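First chain written, first letter: the chains are A, B, C, D, E and F, and each begins at residue 1.
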Amino acid sequence: MKVSVIGASGYIGGELLRLLLQHPNIEVIAATSNQYKGDYIFNVHPNLRGYTSLKFSGHDEILSSDVIFLCLPHGIAMSHIDSYSQKAKYIIDLSSDFRIKDINQYYKWYKKKHEQPTWLPKFVSGIPEFYRESIEKANYIAIPGCMANASLMALMPLEKENVLGNHRIIIDAKTGSSGSGATPNLSNLHAQRSGTVRLFKSMGHRHEAELKQEINKDVQLTVTSVELVRGIQISAHVTFNREIQEKELWSIYRKYYNDEPFIRIIKQKKGLYRYPEPKILSGTNYCDIGFSLDQETGKHAVIISAIDNLVKGGAGNAVQVLNIVAGWDETLGLNFIGLHPI
Amino acid sequence: MNCPECDALIVVAEDTRVNEVVECESCQTELEVLSTQPIILAVAPEIEEDWGE
Amino acid sequence: MKVSVIGASGYIGGELLRLLLQHPNIEVIAATSNQYKGDYIFNVHPNLRGYTSLKFSGHDEILSSDVIFLCLPHGIAMSHIDSYSQKAKYIIDLSSDFRIKDINQYYKWYKKKHEQPTWLPKFVSGIPEFYRESIEKANYIAIPGCMANASLMALMPLEKENVLGNHRIIIDAKTGSSGSGATPNLSNLHAQRSGTVRLFKSMGHRHEAELKQEINKDVQLTVTSVELVRGIQISAHVTFNREIQEKELWSIYRKYYNDEPFIRIIKQKKGLYRYPEPKILSGTNYCDIGFSLDQETGKHAVIISAIDNLVKGGAGNAVQVLNIVAGWDETLGLNFIGLHPI
Amino acid sequence: MKVSVIGASGYIGGELLRLLLQHPNIEVIAATSNQYKGDYIFNVHPNLRGYTSLKFSGHDEILSSDVIFLCLPHGIAMSHIDSYSQKAKYIIDLSSDFRIKDINQYYKWYKKKHEQPTWLPKFVSGIPEFYRESIEKANYIAIPGCMANASLMALMPLEKENVLGNHRIIIDAKTGSSGSGATPNLSNLHAQRSGTVRLFKSMGHRHEAELKQEINKDVQLTVTSVELVRGIQISAHVTFNREIQEKELWSIYRKYYNDEPFIRIIKQKKGLYRYPEPKILSGTNYCDIGFSLDQETGKHAVIISAIDNLVKGGAGNAVQVLNIVAGWDETLGLNFIGLHPI
Amino acid sequence: MKVSVIGASGYIGGELLRLLLQHPNIEVIAATSNQYKGDYIFNVHPNLRGYTSLKFSGHDEILSSDVIFLCLPHGIAMSHIDSYSQKAKYIIDLSSDFRIKDINQYYKWYKKKHEQPTWLPKFVSGIPEFYRESIEKANYIAIPGCMANASLMALMPLEKENVLGNHRIIIDAKTGSSGSGATPNLSNLHAQRSGTVRLFKSMGHRHEAELKQEINKDVQLTVTSVELVRGIQISAHVTFNREIQEKELWSIYRKYYNDEPFIRIIKQKKGLYRYPEPKILSGTNYCDIGFSLDQETGKHAVIISAIDNLVKGGAGNAVQVLNIVAGWDETLGLNFIGLHPI
Amino acid sequence: MNCPECDALIVVAEDTRVNEVVECESCQTELEVLSTQPIILAVAPEIEEDWGE
């Protein structure tokens, strides 16, 4: 398959290139950037030296492709969606433009009128674990936000099994610096960003909107930047509508994830890595999930999940989705084990 | 004079004029001087910036 | 005043030495370690080169002193408290041995019978902000745990003003590696500890016991190790028993902290450092506190606090307490501004 | 092929397992540790969860294998080499026991008499780039030390082309913490090791011995620990015996490395990554090499090389060597691209 | 004394404010920034909250002061030096505008004609350890560059004692990210800068010019960025013109530095911190110096020095210089001990 | 055979004997073999270790 990556000079675009360049069934025919137009891709993504001699083309030089991946800042893909759709059968959008189904909600969270409301229903939510069947038949897929995805993986089984209580679910997310993209600004300047534990969004983060679309509960997402380049870990503090046993939690998570190639349940009694942790996931497409029940009440638990924001939180998930769409083995090109120590 | 946002004590300079904007040291809210005798302050309209993300 | 530091080779002991060696009214006459007995202090604490030529003495070579600071692992100070009390008028204990007033609670959390129950009522809680008057008259003071202290500073004003709701208060704490002391083990090995976001205690951390002693609510402390040597930040997710306004929160915190020399309320609308953050507090005795109210409900808020675990979370707080006990200016020896960038 | 890894709980052993478990032609039949005997491998190497259910066996439970990899601290492999050789046709030793050919040199650098001098000539040096032909025929291979390898890759072409001057070659090496293994001690305690720029060996590092065996010049290796888990970068300050042109340096390095699958010459005029840098090599088997000539004199240059100490500096190089020995494609199991950003 | 800081929003300006605000004899009357004009200083330098309510004024609003500190990018101070000199008796310039005495050298290294050659001789070199007497009488002082300073402290005693050989002195410097200032750009973007070992200047760094002005030898400065915010460590590889003994090195360094308040000779046989290391110097005005002689030849040595680039490498040195100029105790306002662990 | 702690499938080797301890791969609970025909497993008593603090 021939694919094009639009917005290929950014972090998500670069990660996608890394995955696509070693994917056996894919040929990357174009990668766009206006900033670096004409430069070798490896000048921007130095890890790709030796893997491609392609140069960046401009954002408007879109070739006919089987698939177009959109890795643009939010609000841009929607302006060009008509023309993209004339160039490719499949469009996989990694921005937030087609994630929110309700235009009023879109307006509320993005403070901007959606330009293409008729396109919204054409997009399927790119969450293989819960929308695999729709994805199989889709042409247009919207990949969820990284923190939304990590949170949904933690909460969806509980939501679906109707065990969540009505109290506000508090999701305390910790995130690395690659999540804010490749454009230098004061907040990601090394000397400022280094060693931070910076709560930068106490509530109202836009990924909350995506959560609320799937989880019919009061959900709050609190986001703190920590010293990390790649990686997100969330601890979701939930309550249950009845007393629950640890065994039941095991079986709920097993039910949804036992056959999932990229979900591992991590709840160990030995070793240092007893709950999900992002660093050993760098470069992998895993979402690791663990939980800790309050044995005294049976009514409270902490659900922990961890991902690499650039992989399962974006590019890797997009490749997984393409594998599904194309009918290939879902893990194709996504079999990196992860490093330890790191 | 107290900040309408955070209630901190604000010392407004004597030569302050109407429509001038002063900033609360405690919470950095920008405050518009609505009148000077007596001094009345109101939170100036603000555009929320995207910060840290 | 002549002071001795017992357990001076550890991180809390070392930090205390740093503060005491530059304190104008204090002379350090002894610093103990069995491991490094006979070695120069600066061989272990290299920052102290040029500030002292003292060598470590053994833990049992206690000199008569005005003050003894105890910086031992928990469970040890209590065995020797009688003999310490014969050597010094004032004892300031930085371990957890005399923090928990109720011996049953002590047993519950430390899985060990308290050896000196009669000593418990003699110890005053070393929280200047709430027990200053008792401290002034005390001879024996128990310094609170680092995460307990950071959490109490965030919650006590709300507790005292009776605005907290009955829902569980979730405290999501992020902590650096110096909190676990100077003894090498697998969990603090650099290659393992580096870059972690490791939830190591979902609930039931011992500092929870100290919180519950002061806050009459259901409190849960969830602790995650992050990449940091010094520093703790907590985000406390609270509910209120009635709708509250931001202004009211301001006035509650002002009421308790306006005259406190080491508490700053940080809730800024400009700049990068809008809420409390530990890195700029390294070496300082500040506890910075901020809050974010859910404006939609008026019933939920996130309270953020940050400290340097070794200073306000331990050694600095102990010096502040001594200043109070001795009737000196409370900030003596504690006026370091903090570094930025760092 | 069936392989056993002796010393599989350490960092080199763990890395080898990561590579072997995804190698298409290899089956890992045993992994040894006394410390963790009976535990699942993934309890120690959490990245391997889902890839193996093997448990550690004891160091003395050696099964018959096609290949035995030795990942033991130095001085141990030599005691058991006879028994290992009865269990496997091929032995690939990652320790330093069989690297130094001259027993006097061995004694000088390791302060210990070599126990198996007769085994020394049976071992071939595991440097594919310079000893590929010997390796093809070898049964016993000694993998070079990580800093030696990075330095040799930088210097060998200059040595072979006889352009090096007689002045001392200064190699200033910067190294990460995984290089010192998985045993906790004060020097690799996170709070101590974090953020260091610690010159810990000004000269006389044992890897110098390996350099001197190959480079017939006065070579000095100065090693500084920096904040990094994986990775080594060296800057070798060399002089030439005649004026040289940049073009000539290009052609020298091209001559030796153009066809090498794991050597890239990095000397770019654009982008941030103009010279070799270890972070983007994490997990890869590359040794990136660059150089900077003093254009004014034509007689001095800095040669820069970078590797992941656990991969090209150890486990990856060992797999490359096995691929050669076995007659497989040399890159089998070693095709990970590397991450960016990281 | 009343002082103004021009360029106060940058890292050097901010550090200077930190030191000046707690200096007993100094009152800061103005701090300039165009970017943040009108904002509270603590919005930019969050550590200063509670220490000043001053706001930034514009760069051109210069008040009459006793001292003006210039913390501007190079090439700007020279354009305004006449007007600054009308506002203040003393000018302490932290930029490179008046460091190079020879206008041809200035042109060579800065690729720009010096605009104020007549001002050059009026400026004294701000190196207390070697120009204290000139400083005492000076009105205009040029503070040396951070890497130049660290290198000079290591080399000057050897140069003055005429023991250096004629071989090129190789200075391998490792530097943190605050050295490149507070303006965001791709090279100091956290995700790119984090975890680097990036050789960014193999030779020809501008601080080399300052070295060559003082050291009459062939000197090469090779600079590598490492993961660090504050701090520089250099290892200077020197040769001697005759065989030398360790004892002699001790006595040379003692001769020059025994009475220096901010130089410590660090060459320990115990503990982890045997040679100078920057992290424990964060916030202090120390330059720690150590050395390691090649005992076999007696002709080669590595000299190690470490500083906090923002303190001894800039702002602290400037305060020390002011203390000298003003006839105060040289250590006034500079007595911070430094943190450990950090 | 399922783990009494986490319900994971556990394959107990044929030659397993009573009182032997097997470990669940999923949650690492140590399980004592109470009987072999049929196989009955019980959570073995454990001392909680202090970990990571």
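Here, a residue touches a chain if its C-beta (ideal position, glycine included) is under 8 Å from a C-beta of that chain, and two chains touch if they have at least 3 such contacts.
Please read these numbers as outputs of a predicted model, since none were measured by experiment.
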Smallest number of contact steps required from chain A to reach chain F: 1
When contacts are scored as defined above, which chain pair ends up with more C-beta pairs, B-E or B-C? B-C
Farthest chain from chain C, going by mean C-alpha coordinates, please. D
For copies chain C and chain D, the superposing rotation on Cα atoms, rounded to the nearest 5 degrees, equals 180
The chain whose C-alpha centroid lies farthest from that of chain F is chain B
Across the interface between the identical copies chain A and chain E, with over half of residue numbers shared counting as same and under half as different, the residues used are same
Please report how many Å separate the Cα centroid of chain A from that of chain C, as a whole number. 38
Based only on mean CA positions, could you tell me how far chain B sits from chain D in angstrom? 63
Taking each residue of chain D in turn, which ones touch at least two of the other chains? 11, 43, 178, 182, 186, 191, 194-195, 229, 272-273, 277, 341-342
Pull out every residue in chain B that's touching 2 or more other chains. 28, 51-52
Counting only contacts in the complex, chain A reaches chain E at residues 11, 176-178, 182, 184-186, 188-191, 193-195, 229
Mind listing the chain A positions that touch chain C in their complex? 167-168, 170, 172, 174, 186-187, 191-192, 194-200, 202-203, 220, 222, 224, 226-228, 231, 233, 235, 237, 239, 272-275, 277-279, 292, 294, 300, 302, 304, 306, 341-342
Of all residues in chain C, those that touch chain E in their complex: 11, 14, 18, 21-22, 39, 43-51, 178, 182, 229-230, 264, 266, 268, 270-273, 277, 280, 282-283, 335-342
Which of the residues in chain E come into contact with chain B in the complex? 38, 40, 43, 53
Any idea which chain B residues touch chain E in the complex? 23, 25, 28
